[in-house]
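Got some structures for you, see below.
Shared between the two complexes below is chain A, which pairs with chain B and chain C, respectively.
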Partner chain A sequence: MMGSSFDRRDFLKVLGWGGAAVALSGCGNTSVEDGKETVVSYSEPTDYMIPSIGVYYNSTCAQCDAGCNINGRVREGRVLKLEGNPDSAINRGKLCGLGQAGVQHHYNPDRIREPLLRSGDKGEAITWEKAYALIAEKLQGVDGEEIAFVTGGMSGHSKVLLENYLLSFGCKNHFVYEAVAPAVVRAANEKSYGVTMPRLSINKAKLVLSFGADFLGSWISPVHFSQQYGQFRKGVDGQRGILVQVESKMTLTGANADRWLVVRPGTEGVLALGLINALGTASGDAAAAAQGYDKERVSKDTGVSVEQIDKLVELLKSHTPSLVLAGSAAEGYVHGSQNAAAINLLNHVLGNVGKTIEPAASVPFPQMSPAVGGTAALTKLGEGLSAGKFKVLFNYAANPVFTAPASMKLKDELTKVGFKIAFAHYLDETALQADLVLPLDSALEDWGTSVPEYMAGDAQISVQQPLMEKLYANTRGFGDILLVLLKQRQSDNYKDYADYYAYLRGAMLQNKNALGGEGADDDTFWNHSLSSGILKAAGSSAALSGSASAAGLTLPAPAAADAQYPLHFIPGVSASHRDGRHANQPWLQESPDPLTTIVWDSWVEIHPKKAAELGIVEGDIVEVTSKSGSIKAQAYLFPGIHPDAVSVPLGQGHEAMGRYAKGIGANPFAILDAVFDKETGELAMHETRVKISKTGQRVVVVKDEGPAGGSQAGKKIAARLDANHVDLSKEA
Partner chain B sequence: MSVSNLLSNWSEFRHTHPVDDVPHDPYKWAMAVDLDACTGCNACSIACYAENNLPVVGKEKYSHGHVMHWIRVERYWDEDGREFPDQGAQFLPMMCQQCEAAPCETVCPVGATNHTPDGLNSQIYNRCIGSRYCSANCPFKVRYFNWYDYPTTDDVWPAEMTQQLNPDVSVRGKGVMEKCTFCVQRLTVVKGNAKSEGRIVREGEVQTACQQACPTGAISFGNIVDPESRVHKQWQAQQVELAKDVQAKDTGEVASDLRGYRILEELRAYPSVMYLERVRELAPAKSEHHSA
Partner chain C sequence: MHRFLRLSVLLMGLFVASSYAADAPSARMTEDSLGPEVAQPIEFPHFRHAGDVNKEHPEKGGMQIDCMYCHTFARRSAVAGIPPLQKCIGCHQSIESVKETPRIKQLFEYWEGSKEKNIAAKTPIPWKKVHDLPDFVRFNHERHIQRFVFQQNRPVQEACGYCHGDVKTMTVARRSKTLSMGFCAGCHEKDHLVSAEGGKDAGNQAYWYGFTKPVVKTSGALTAKGPNDCWQCHK
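Presenting the complex of A and B:
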């Protein structure tokens, strides 16, 4: 569509009159506006609107922070399905299940449709004019320090607007809170490599040694890494890649490993130092840090046998370059930073830095680059709340009431805030605590730009555009709301922008030259931006620091057994559910967990040996109790977990949000102990200890696997071949 | 089609495809699934829900076995008595195998399931009376029955969600059987386009929804008659032949690096889906195992 004078916005306006109305009447709905059936003749068809032919528009997936570029199929004014954009360096035409479910977020019956003002326990629908007036009134005379703005990870122009808004108050309280994020690894990377998020090349590695990084499931940019993994398995220079996964609870990535090594929870760093020691090639700081970590000691501490360590060392020597990854399982401890540092050190010792770990490109607009966060923000927020510091609190793209450990009592603390405003799609746990709820457009109705935190290829800015007319008249885009709020503060600066679309277009055109639009006229450039959905920026990439410093790297002795709470508690992060924000999308509820095949519920993974010891069988409702609380869920006997650990997946246990999420399963966030990584202050997600007890109830576990469980009953169904028999690089 | 017609002309309806007098020309749709690349992520399954208007049945009906996933990912564990699964799990995407001598076709009392000239095992919803014989006779358990009228069942498709339904695919009512169609609605479009241009469908012109979504590219699909198609090349390289029930690999007389096979080959259903074996480094001896 590049070069055409076709104006996307006009098209949508036209579609609004013709297309959407036809679509709605076509499937038996009546017009939202007047309650009457609308019939529009096709005798004067709109350009690009041929009945029964789907048209594809590019946009950006908002289901997770990987920011895959998508391609939406639109027919008769309705978006039907999302595909990957083939031109994307991130996902190359592919899209995961979570991304596919984006349409169910858009068409969700439980979306909020009107601004709601608290009136006792109820929300009363109000107009936007009233809502904006109310916000202005509540902010009257409020000091910048008395405002808190909680968001999830942000980037692009909405981030720019938000920062400008906060600046207008002199407010520094932007809490970027991501409940499940590689925050400790970012900090460790910064120290080890000089950048928080280097580019990783699984496809160039001959061996990937992953310490709990679920890169095929939920870690950073899983669709991108899955593609790299496909190439890695085919082999580099005829040598097939080998994946070794070290973790205490099997993730999807672990399930795909050649070798899955179970370690005692928290001893990942010990194993890394043991490998450095056994390799014997390190010098200086690194050698000093690994001193004393001989195989026998490491084996004793980690539970990995000396033979396995020998084999791993042999593999690391024969397979170069390799790639060692520190994932969420390694970072979730009080010594998480040290674990991650030890693992990163292994990359330096193996000479992988500069080969499979390279600098990533970054966009030349620092104000648009991602604002990322973690759970440390939660602590700061909590401190401010309990001190009664905040008079007005905004919440956007986060659900802290659901995801904060119950011991932080965030729900109670929030009552100390004078006026709470939630930008929300659903009435989730946090929105329910708000005084004013502002309903947002879905990602398929809204304009936006984003910069992915993990830059897979050249520096790029991803464009998000509406794939169809808004479903509800009274939802608004986050950018549009911010613009109105900014106009309340600085009307002169923003008076030229009628809406966020105008702002976005203006801002992009201003930077046309840096975005590959040099010489193109404005309309051509803008149409190209929308039709491609991806803008390459002349990016720069900083060099990685070539040497490793292991100064100050010390690991604690393995944690002693706790008599009262003998088991480690591992909150599971699944590809579909993540931190729970998508629990109201029924495809994700009905999609079986890949490893247990369980649907529509939570479960407690427990090793069969431990279960036998405790007299627990599948389906027993067990109570998992930590110092901070307890939850109940069905037991599932799972061989891929350390016998001294149990795991419950995150994301379920909603008390609100919508019909598909409410009342399903249990929320493990609630029982996490509020202990933190010493260096970064991030919540040590894997540090909680628990005990489990039977409640006496038993249920039939609803799952996809049949009565034979994981058995093939002697048939050749899913077959496997030993790697030394085959060279995949020669295959068709 | 009356039952008497069906019975008296049985041999006409009971075809094993391809037969000499009815070769696959110009199309025979087939698939290859590389289990080495499959990670078990379920993207294929959810893409199928989106493309083919599959109902979400909810927990209770799921527990009764009423789930409608046309493509499911099966997960198997090694069965050698190890304490831990050191070689991970085995995943297998399972969908209708579009058998050339489909066991489901012969038992349908009304001919609702039958073979198309391009080699699909088709299901005619309007003809189906819900006897469920086909499902009982399917060795792969990939046929799904509408025990309820999902379009009118609460919370399956609330009014808002009906707008997502793909207009190219009919929404099935109570009492009919359904299954994977190899995204026949997409095939129909490209076949029509090709025909109007006086050619046959080219390799890469059409993808199934599962194939399109798959992040690792484990699924390939195409016209196996077309020597240019990837699926043709894969089947040929693996020496798996559509009309044979003992493949080169099974005879043990060829190189051991072949990894293509069809599931339950011995049943002589002649599936149109070839799987490629997962490849893994040899497992350590049990004695090498963890000291934990």
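Presenting the complex of A and C:
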């Protein structure tokens, strides 16, 4: 009886007292490490190194492709904290949460520390000499066409070296694969404006109409846009800017908007054409394209009321210049290019081109400018793989096994490659498939240069330099590895460069004059480059094409309801997780999602009405099933989503990568249908249809908001108003 | 009944645990009780470097070297700093008289390297820490040295000695104060003079010492206490 009566409460009591006892006994009043800890001095100190006083170095953030310039605090040889570089035109001294987590990438306990060679299911640690010899051996007699090199977005000198390396084989198979990238918008911009990435001036606009562009959260260069947004809200000529967000799932930007319009998924272009029609100022092509998109039809198609369209037209008329943005929500459809074209056309009609959309500066070294890509590369890679074309495959800064739709069966297709080499920081899903894994230096240990794709100010080259000594002796920089591989091919051309640092220094000094170092001696210029972290280049900028061409712009009728899969599936892109490459950084797992406040997990956003219809309550584990697969996650009732759509954030659901990522949440990439944008061939990420069903399990959702959630427990802390009731004229 | 039994077991456990804590030698420390004797890789003679000059037997006396000649960061950083190896060598390479003594030979093994002892050249000496505080306590040397040495114009050895004891008489240092919270608070509660003859002007800093206005004593002396806020040390 006594044994069985020792219940949970008593057990906790004992545990509590036990803990107190341990604490007491450990609570002497002596110093804790007297005579135990070793205290090591410098052997030959440098003047500026004072223990406990920080030294600051400039470098470049590698957490996302925005390429913010950073400033790291180093104390006693350890990097402690990153901030923005105040001289940067991109981030002007600020840094986002994702960037802050860069130190956790560096100190991550799951980093790979030795080159690993596959031996059955395990990786066997080998030396670098052996690894290099093995690569040379495997490439022996291999034709250029039989080599595939998969990378994420790249720029700067490592891109130059990579291109040279591939050229030495005559290899054209450089697949630039970015799982989450504005690839369709780039193509649409090229057509509408003549450049892929124009400079956007949110701060000069009096009205921003964003079609699902989450520029405050995860879109292109969020830190830069957030600052522009601050200025925009202060206002041009004292007139506070108005933000209208049109999307099917509320993003962080949508949550900040004055007016948030929920639109039927995929009809963003229809609304844009409807606005052009209602404005009535268009002529020629544009007018022709918008013909027939009268308010009633548009309202019926998009679900946005006629009244709202009228109000929006009034705002657009009274607020010039404005800025219309096509974001990832608009481009993720089979007709994504058309959506983006219609939205860009609206900019032309409103006369924003040349005012809030300007040509961006570009660096005078085209070979260093960014190689960008999207998911179209994946299709080509998949084709090559299934044809058994590749004998050797390299993978760097991409994780296609995790981010490709499961229906593409990339993991199986990879087995057809004779020898797979992964450059990796962690043993992620792709690295696990490799035969040889080469451990990389962290971004805070490595040398490099980069050219941001979105050029915020004057043309610039960002310098990346080590903030501290390497943590592990057997990791290498990507540039260093490339240089060794290049020496295997063309030893004569590269024999002067002992390492990547020497190459980088040599290459920069060669172009000293174009980089603002005219007249300076080499050392002065180089030291200046390193201390400032940013090199301004005398850049040029192409003029935008001013004419609005709407030729070939046709939008399909809204997709008919699918009886079997009635719901639209929206993969959410969060500011912290993006495509999931940083899921093993616990700060990012721990920081709550800005809208749902959920941590350390995935969730399914579902409209309360729909949830009531299906009998789902918060915390129900629901199964989301598409034609291509299914995932399970906790339900979260979210009023900021179209009732006919559900959303699951990307980035979670890793099967590998590390202790903080593995087994957390579900991976929505896996259930995406392999449907592509017609024009660009990019994966139509928002085109997947799903059904959801309850599994019968229920959990407590771990989140920061109170149990009453968004209802504010009936306290009316911030009064919730219908979008119709917001009086924008007071702010205008 | 069973509940009572369980409770008594719990109480016994607690009693044993607390008596263990009370028995720990740490609890019986007085302000001047000594810390453990710490064996160092080189038996560094503090008395030879910092001790008073002995006119009768110069070889037994010290050279009265300022503490901060070697612990050079104390006045500008939170930590005093262990002197870099280069500093030891800087003097000792030109002091021929002691070059062949065992300790100096050992010193040069770290600088020049030693194959038989498997020491690479320029290896920092692995000194053992003698004065350590728990990680949740932040002590700032700079603050104290600036106040007592520069503003109060007190002798360096006296100021350092408040916490480190009479190091100039020791060979390797040994902790001679408890460095407990009570030890720190005891001093922070005292009224210390704000300015002194020959000292650096404290200016408005006096207000920051205790976050209270300095008190003017009847003698006319301006005094201020040390800060008394938890967060000053527990940051």
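Definition applied: the second predicted complex is superposed on the first by the 667 of 732 C-alpha atoms of A that agree within 3 Å, B and C clash if a C-alpha of one lies under 4 Å from a C-alpha of the other, contacts with A are read in each partner's own complex, and residues count from 1 in each chain.
Rule of thumb we're sticking to: a contact is a pair of C-beta atoms (placed from the backbone, for glycine too) under 8 Å apart; a residue touches a chain by one contact, two chains touch by 3 or more.
As the structure is a computational prediction, the values presented were derived from the model and not from experiment.
In the superposed model, A:N108 lies in contact with chain B only, and not with chain C. Once the two complexes are overlaid on the shared chain, A:A387 sits clear of chain B and of chain C alike.
Of the two partner chains placed by superposition, only chain C is touched by A:I50; chain B is not.
In the superposition on chain A, no contact is made by A:A288 with either chain B or chain C. Of the two partner chains, neither chain B nor chain C is touched by A:L167. When the two structures are aligned on the shared chain, A:E307 is found in touch with chain B, with no touch to chain C.
When chain B and chain C are set side by side, the one touching more residues of chain A is B. Touching of chain A by both chain B and chain C, each in its own complex, is seen for residues 24, 27-29, 52. If you check the complex, the residues on chain A that touch chain C are 1-2, 5-6, 10, 13-14, 17-18, 20-22, 24-25, 27-45, 50-53. Across the interface of their complex, chain A is touched by residues 2, 5-6, 10, 13-14, 16-18, 20-21, 24, 26-27, 29, 35-39, 73, 76-79, 81-86, 110-111, 122-135, 175, 178-182 of chain C.
Put simply, chain A touches chain B in their complex at residues 23-24, 27-29, 52, 75-76, 78-84, 91, 93-97, 100-101, 103-104, 106-109, 111, 216-217, 222-223, 226-227, 229-230, 233, 240, 242, 245, 250, 252-262, 264, 299-300, 303-308, 311, 471, 575-576, 586-592, 594-595, 597, 599-601, 609, 639-640, 642-643, 659-660, 664, 700, 702, 704-705, 709-712, 715-728, 731-732. Chain B makes touch with chain A in their complex at residues 35-37, 39-43, 45-47, 49-51, 56-59, 62-63, 67, 69, 72-77, 79, 83-92, 155, 158-167, 209, 212-218, 230, 233-234, 236-237, 256-257, 259, 261, 263-264, 275, 277-282, 284, 288-292.
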